[in-house]
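Paired with subunit B in one complex and with subunit C in the other, subunit A is shared by the two complexes that follow.
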Partner chain A sequence: MNDYQYDYQTVKGFIVSCLFWGVVGLLIGLLISAQMWNADFNFGEYWSFGRLRTVHTNVLAYGLGIGAEFGIFYYLVIRLTKRPLVFPKLARFHLWLFNVGILLGAWSLFMGYTQNVEYAEFEWPLDIAVVILWVIFAINVMGTIFKRKENEMYISLWYIIATIVTVAILYIVTNLFIPSTLTKSYHVFAGVNSANVAWWYGHNAVGFLFTTPILAMFYYFLPKSTGLPIYSHRLSIISFWALIFAYLWTGAHHLVYTPLPDWIQTLGIAFTLFLIAPSWGSVVNGYFTVEADWSVMKNKYLTKFFIVGVTFYGLQTIQGPSQGIRVISSLIHYTDWVPGHVHMGTMGWVTMVICGSIYYIIPHIYKTEIYSEKIANIHFWIVLIGQLMFSITMWITGVQQGAMWKMTNPDGSLKYTFIETVLANYPYWQMRTFAGIIFVVGMLFFLYNIYMTIQKGKKEAAAKLATANA
Partner chain B sequence: MSGNGNGLYSKALLFTLVATITVLIGTFVTMFYPMMRDDMHPKLENLKPFTALQLAGRDIYQREGCMNCHTQTVRPLKGDVLRYGDYSKAGEFYYDRPHLWGSKRTGPDLARIGGKYPDDWHYQHMANPQAFYEKSNMPKYDFLAKKKVNVSQTVAGMKTLGFPFQPNEIEELKNKTEMDAIVAYLQQLGTAVAKKQVILVDEKSVEEKSPIADKVKAVAEGERLYKIECVGCHGKNTEGNIGPAFADSARTDKELFVLIANGSEGAMPGYATQFTREQIWALVDFVNSKKNK
Partner chain C sequence: MSNYNEEFDDLSKFERQDTKHNLPMGWLILFVGLIIFGIYYTYMYSPSFTGWTQEKAFEESMKK
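Presenting the complex of A and B:
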């Protein structure tokens, strides 16, 4: 098929790294979930919720999420361009720098060095490192795409290009901070304007780190793992352009009922509702792809990771826009409903598709079969149960919280003191910790399966080499 | 469009350009354009830049990730305004770099916390929140009282932000703890807007004697509410702490009612937005039950 050897070292490196950071981030997640219902789980200055929450979000978003995306994108790009990376050694350096960056990032947040813009917490020296990291990645991937051997760019490459460009714009603008010392800086933007920039970034970081990259994987690995071609190329085109166009208008739905001028809020809400269409374009495209032969859901174990994953993407992109509407926002904003929403996306859609992609890639590059389909199935069901329990308990308690904050006595005074509204969450927060444990157990099955597949691949390669030499 | 090898999808550079322009349109309309408008940079007349001590406190607020649990924006909604006070105005945040509005209320909103409680309340509550609300999930920040303010970082910050300060202000800063700083920061939050308690009791409407004093359950209900909300300041057994002990209270029923309902500037918040008249009378009856007879 190809007259060169694919170099998968970097891909492997990123996959192993992202799994490592995934475990770290999940364990911190369990700890902070317990801190929510018992303050005794806070241990002094460093191990307290305020600091650890950002360690949790950053290590999982950037360590697990972006780490997986770097690895999987390198894999996708060389497959889809039918040529090696233009700078393979630069990719190794990228891997090295990535791990140092996440380590320093986690450490710095732990130390309390933070810009306090959600998902852009890293202080300015690390921001510079992140920009260098991204440029290195962009040069390699874009260079390889420009010099591709395959004339037509497949859908996944569109999403990869959009991700690279948009994340660069978002990250650089939002992180315009004026340094005062090595570990402290102040936003170039102030007050209302700072909030608008921060959520233009915050929402699109979700869009271009957790939506477009995952769609790039989805459009490649769904056909690969089912053997079925994508249902409609035209629908992919429409969905792509509508999605990347509309996303950038929507950040202000995070600022409903704040002092941000109303017209920006309303525009944000309107485009958020519009976003349902292109999001469901991809969902429908996925469903109709498998519509050609639903037996693959049963016969090919990987199919369900992508189809259930895209189902949660569909639910996420219905729930998200509905949350943006003023009347619903007034009830659930600032409550635990929102972490319930976020975790449906991250655990149900992002992690599901990343795991499915890794299940496809690892046997492929080790030239072997998956160690155990049975364990993969167990992994699937356990994480699904854990994630559903997590999200559903948070939705229930979020609505309860929002309602308790609003409820008044006949004379107009508040029915509940704030502490009463906090304590009412405790049983749900405890259930959420339990759900988190279930999810982590499911992920451990995944790690074990991947580890054993790698060992199996290595053994088989050694055996083959031995026979060849004999 | 596809497959013929000549379209947009086989021209990588052109594709990248078109994609870039596509994402820049919304970026321009909702982010860059507003930035050029005056209504994105409003400032209330009596809003003052942070003092060195307040900025040091704000830096600590950021460092400890307080915004992961506390918002700083009161929405123009009944529930918010009742609970926290007047809704947030755009011009209150002129000096906030970055904004600290937050996205989650695991704890209450802090946009109007300034002046709501006396300083002592914050010192004690930060050190041990569970002494105020037994099962509160807020971490203890007692370590702040043991650390001195980082003076050089604060001065660098004041200069970076262009806030005015006097040399003696910096001199005084050297003796301050991080706890002093964060309390100073919290106590100025929201103070550029006049304090407004939505429900205030008209003194003339208050009875001289508790109308429910003879009800059996009144004291028990008062005690229940006391345990939820009042133990921090008045003590587990009403022995007094930040607020006075009940034993030697000389206040009449009516005086107690008005004090609980409307509060006392800088000493005690008013509870008329939180409790019904009947509940406030129950609290009065509970106080009376603890008085030395």
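Presenting the complex of A and C:
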């Protein structure tokens, strides 16, 4: 039809990089989960929980999560604008800078350099590097969208734009730190203001790193892998604008029953509850799309990654707003319920949709078929079981912990000492490590399948070249 | 999957034409309902509107 060839080299690079960081982050996750129930798993100061916990969250959020998003966004942008990137070499530089950045970031956390703001731990020199990295990414993606060859802007592009613009604002405002030395700095906001900004950022990191980018993938790869068109354009667009409008007001729900002014908490809770509607707009849209022909759940192996993924998104966006309500927050906040909630989102929704997208992209750019649908199915069921076990054990122990903290004797004294509530967690923490191992095994099936698909694609391309030359 | 040889995506195949402008009624009720509830909730639990404060609520719960 035409000679146009998409250049997918940078996309491949990001996918391979994100899988590498994913393995690193998952293994550290397993280690710190064992440290929770056996202190002997802390090896010296560098391999102790306090340092590794931030390495785990940062490497998975930024290495696996953002790495996959960079690669998949480059793929989506060139496909949806029907033109190459405006600066392909800059994208290649972006790939290298990204890997060096994650390496240095992980190293700095190992060394104990941290700003002590959750998900914004990197010290100021790294923050500057992150901003440069993001600007490079923004110029390339926005430039390509401005110069697009396709007039229509599909919903995925809107989610990509929202991600780029909002993350830039969030990251810069939260990381306004005054440097005192090369490795130490102080937040310009003090006390309760610092906490409010930190959670405005912390919550919206979830919104604009784990929600909008994943929805961009969902809206593209669901129709691509099922062959079914999205049910309602209007529902997509209304949900999009409502979601990004409401999200930025919600951070205060992390600070319920703190010195933060009551009215800010209340406003945060009201917007948080409202978020159920735009979140479920995308869930409903996904279900109604597949309702046209449910047989795709069985016939097209990728459908279940997206539909089960969006189901966990739906559960997550009911559970999350409920946790914002004062009475529920007072029971489960600061307990192990919270990691249960977070991991349903990251393992059930984010990773599920990223894996589904990579399963689609890799065979597509290597012009081959997936190595084994059977292994993909095994991967799906194992990670699903691992994730459910992880979340459910944490919910049970979280409610138990919250209830034990609150229980009083008839004379008003506390029924349990703090250490008793910690000891009650042990069996659940051990179960969580077991669940984590199951999840990681599932991910190894995924890695093997992707590796074999790449090898198969290379072999087929070589064979084709040989016959063409013969 | 049958579209390995395609060059460009056909965007018209991404969105259903017959239901393009539909908003499911149940979802619309949820959407409007949550906006109304949000206004009610903000009014009820803002100290400057109703005098409710987290401190008073805590003291009341301690009396029980």
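We adopt the following convention: the second predicted complex is superposed on the first by the 467 of 470 C-alpha atoms of A that agree within 3 Å, B and C clash if a C-alpha of one lies under 4 Å from a C-alpha of the other, contacts with A are read in each partner's own complex, and residues count from 1 in each chain.
Simple rule for what comes next: a residue touches a chain if its C-beta (ideal position, glycine included) is under 8 Å from a C-beta of that chain, and two chains touch if they have at least 3 such contacts.
From a predicted model like this one, the values you see are computed outputs, not experimental measurements.
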Which holds for A:411: it touches subunit B only (first), subunit C only (second), both, or neither? first
Touched partner set for A:46, first subunit B, second subunit C, both or neither: neither
Does the superposition put A:381 against subunit B (first), subunit C (second), both, or neither? neither
Touch check for A:270: first (subunit B), second (subunit C), both, or neither? second
Tell me which touches more residues of subunit A here: subunit C or subunit B. B
For A:223, select first, second, both or neither according to whether it touches subunit B, subunit C, the two together, or no partner. second
Using the superposition on chain A described above, determine whether A:152 touches subunit B (first), subunit C (second), both, or neither. both
Can A:367 be said to touch subunit B (first), subunit C (second), both, or neither? second
Taking the superposition on A as described, I'd like to know which of subunit B and subunit C A:107 touches: first, second, both or neither. neither
Using the touch definition from the top, say if A:257 reaches subunit B (first), subunit C (second), both or neither. both
Shared subunit A contacts, counted only where both subunit B and subunit C touch the same residue: 152, 233-234, 257, 267, 271
The answer for subunit A against subunit C in the complex is residues 1-2, 4, 6, 79-80, 82, 150, 152, 154, 220, 223-225, 229-235, 238, 242, 257, 262-263, 265-267, 269-271, 273-274, 276-278, 280-281, 284, 288-289, 292, 300, 326, 360, 363-364, 367-369
Spell out the part of subunit C that touches subunit A in their complex, as residue ranges. 1, 3-4, 7-9, 11, 13-17, 19-24, 27, 30-31, 34-35, 37-39, 41-42, 45-48, 52-54, 57
Given the complex, residues on subunit A that touch subunit B span 35-39, 42, 44-45, 48-51, 53-54, 112-118, 142, 145-146, 148, 151-153, 158, 161-162, 165-166, 169, 173, 178-181, 184-198, 200, 233-234, 237, 241, 244-252, 254-255, 257-261, 264, 267-268, 271, 330, 334-335, 338-339, 405-414, 417-420, 422-423, 426
Please output the residues of subunit B touching subunit A within their complex, sorted ascending. 1-3, 5, 9-10, 12-13, 15-16, 19-20, 22-27, 29-31, 34-35, 39-42, 59, 62-69, 71, 73, 75-80, 82-83, 88-90, 92-108, 129-130, 133, 135-140, 143, 152-153, 156-157, 159-161, 199, 228-229, 272-277
